[in-house]
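Have a look at these structures, which come just after this line.
Across the two complexes that follow, subunit A remains constant while its partner is subunit B and subsequently subunit C.
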Partner chain A sequence: MSSSEERKLILKSSDNEEFVVKESSAVQCLTIKNLVEDRCVSDPIPLANVDSKILALVIEFMEKHAETTLSNSEKKEFDVEFVKKPFDDLLELILAANYLDFRELMDVLCNTCAKQMENWSVEEVREKFNIQNDYTVEEEKAARAENPWAFE
Partner chain B sequence: MQETTRITCSQPTKHAMNVTNFLPFDHKYWKNSDNVCRSKLLIMSLKSSSNLSPPWQVLVLVANHLDPKTLAIASCVCKSWSISMSSDHLWQPICAAQYPSLCTLHAAASAAVSYLKLYTLGYMSEKRRVRKPLKPNLSLQDIFFAIDINNKSSCIATTIKPGCELEVDKNGVFRFDIDVKRDKSVAFDPTDNLRITWNVVMKGFESVFTMMECRGKGNFVLGLQGWFSKELPLPGCCLSGGASGLVADLRLGLRISGGKVVVEKMSVGVLSVVSWRYVWVDDVLRYLQHFLLP
Partner chain C sequence: MKRPLAVAGDSNMNKKLKQEEEEMSKEAEAVLLDDNLLTEVLKHVDDGRTLASAACVSKQWKRTAHDDQLWELICTKHYNRTPLQLRTVVLALGGFRRLYSSYLWPLLKPSSSSSSSPPTVSAWPCLPPAPAAVPTRSKARWGKDEVNLSLSLLSIKYFEKMSFNNRGK
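== the complex of A and B ==
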């Protein structure tokens, strides 16, 4: 293998779309790194839990962060723009990052979500996560009364 | 069709993960399981929330990054969230960081106290420590001062001053200068033994508190000021025994008349023996409340 040629991997999303990526970028995902090191790489690598839309985004992030020519502040600027996405997309990205074991992406996404959630009310949390409230009026009052300081 | 399936902790298989209805959440399982099973149970509990909600595993992942307030809000969202968002593994690091001195309480009682509970206690206790006192229920308008000075033979000075007429010190301390009317003041020998009485009376004579009753010559210094002081009692409702740390202070301003002296001014106040400074008006009113209000 000549050193001037970059090794490439093919990743296949759950909806059967294929993406070509540099191995050096892809190994930021420990799941993929482990496959490579254990020489279990099939061609293409099937990622059953990640659809093409999300996989494309992950690859975008992955390649940006693998670029050695970029400074840390440039990468941070990219991150700031990258997370300007609908909340639901961020959650899906978190799942993908977790599945792929992509620590850096996970941290950026989780911190963003946590920051966004900071000033939400209970109702907003329910709305954004699409949760059904199964409390009765009294039960909810009691639940809120357990942590009154959160509602000040 | 959705079926209810009981989860057994020993085999959280992939099949079990696909359960869509897990109701009701059974605490018995929670108590008897280890951390691995617990995280799977956490996931199960979240899964039961709704089929349309975002993937539940993501909550478990994000929860570790949430600040205490958001976590507490999240725990009020629904029943299953209240269990997962109050989990010890989330709250223990938060508690350890913010209230490390309380963490030892976790195992103090025979039943362990949750870290969320400890956090709540820490937060409330911090608030209480810096709490400001309530506004007094008594105001200067409600009271009047009655001050009498007697020597062996007669009353040498007397004054009644309603609280509303008192000139409040510019620093807001409980210290007032009171002029004595000429016709209420009689000349006396400065070496006489005096008896001083200072009463604080509620409007309408509803109650009275004797600030000072003392006898003596006072400390007459050059410049013609007599100085009297008396320690104030501790209100019994707060602490039994011990000193209040407060002193009632009265100074007489005198002028010479013939070979004798006449009281022309009185200065009254309350001093703290700890700082040797005059105490704030509100603090003295809160003190007097104990004795004047029912």
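== the complex of A and C ==
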């Protein structure tokens, strides 16, 4: 085994804040893993699409899930608490997880968003996801009429 | 610059929409999901109603929510390993979205005395009424049996239409 467990990486957010992380945790993000494997690691690694607030959260998740001493149920408990955040933060985290190619975080976030959607009306979904309604009144009526059972 | 034809115009429209969305997001600091990310989120929806109402949110959402693979995920969630032929057959008969909305949903919804029962159920009077044992409070519980039944109904309807077409010839 190489000494990768002791190796640290420096990640720099879009607003120039630097975070030190263990390489073994960071490589859960395939984007970072690829950089490491291709030996293209600059010091620090600039993450232009992730600001410091979100990066801190990603690192919190990353390090928790990298801990080998935690059981799966303990990690799940952590996940449940982790996603109790304002919905906008969850959306920003999704963008970050996608950019960093962090599958586990993506799955947890997308699952949370999907489950929350189940309780929302169409208008609420638009509001939470910041969607501009580009339907005309008739078009929306027609769309709803295609699946009327969804609104019973 | 020549404007592209309507057929090729879609991708340009998408680009334009995306650009507009990006601009909007910069101004309003709102996070907007692109098609891929939206699909990722919708993959985790396991309730057909949510997916169907997602199609009414906006045109981008309609395009994404109508992806048959998302409906396939919902219809096959009770299969550990989806039978290989299932997708081929269902796609040939009209797709998973049609399977769900026309046949699976009428079986799953609580058997209330509402008058808004879909016509598809009444088209087969020989069938027993929807099982009253389906719990009405929370989500309906369903499994492979309901999927198999709705698949049979889908096939019957398809062949009914086929023979009708042949008779007309």
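Note that in this section the second predicted complex is superposed on the first by the 147 of 152 C-alpha atoms of A that agree within 3 Å, B and C clash if a C-alpha of one lies under 4 Å from a C-alpha of the other, contacts with A are read in each partner's own complex, and residues count from 1 in each chain.
Just so it is clear, a residue touches a chain if its C-beta (ideal position, glycine included) is under 8 Å from a C-beta of that chain, and two chains touch if they have at least 3 such contacts.
Because the structure is predicted, anything quoted here is derived from the model rather than measured.
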So, after the overlay on subunit A, do subunit B and subunit C clash or fit? They clash
Which partner does A:146 contact after superposing on A: first (subunit B), second (subunit C), both, neither?
-> both
Inquiry  = Let me test your reading of the model: by the given contact rule, A:35 touches which partner, first (subunit B), second (subunit C), both or neither?
reply    = neither
Report task. Check whether A:70 is in contact with subunit B, with subunit C, with both or with neither, and answer first, second, both or neither. Result -> neither
- Given the touch rule stated above, what does A:10 touch, subunit B (first), subunit C (second), both, or neither? neither
Dual-contact residues of subunit A (subunit B, subunit C) 88, 91-92, 94-95, 98, 106, 110-111, 113-114, 117-118, 121-122, 125-126, 129-135, 140, 143-144, 146-147, 149-151
In their shared complex, subunit A is touched by residues of subunit C numbered 24-25, 28, 30-33, 36-37, 40-50, 52-62, 101, 105-106, 109, 114, 116, 118
Within their complex, subunit A touches subunit B through residues 88, 91-92, 94-95, 98, 106, 110-111, 113-114, 117-118, 120-122, 125-126, 129-135, 139-140, 143-144, 146-147, 149-151
So, in the complex, the side of subunit A touching subunit C is made of residues 88, 91-92, 94-95, 98, 106-107, 110-111, 113-115, 117-118, 121-122, 125-126, 129-135, 140, 143-144, 146-152
In the complex, subunit B touches subunit A at residues 49-50, 52-55, 57-59, 61-62, 64-70, 72-82, 116, 120, 123-124, 127
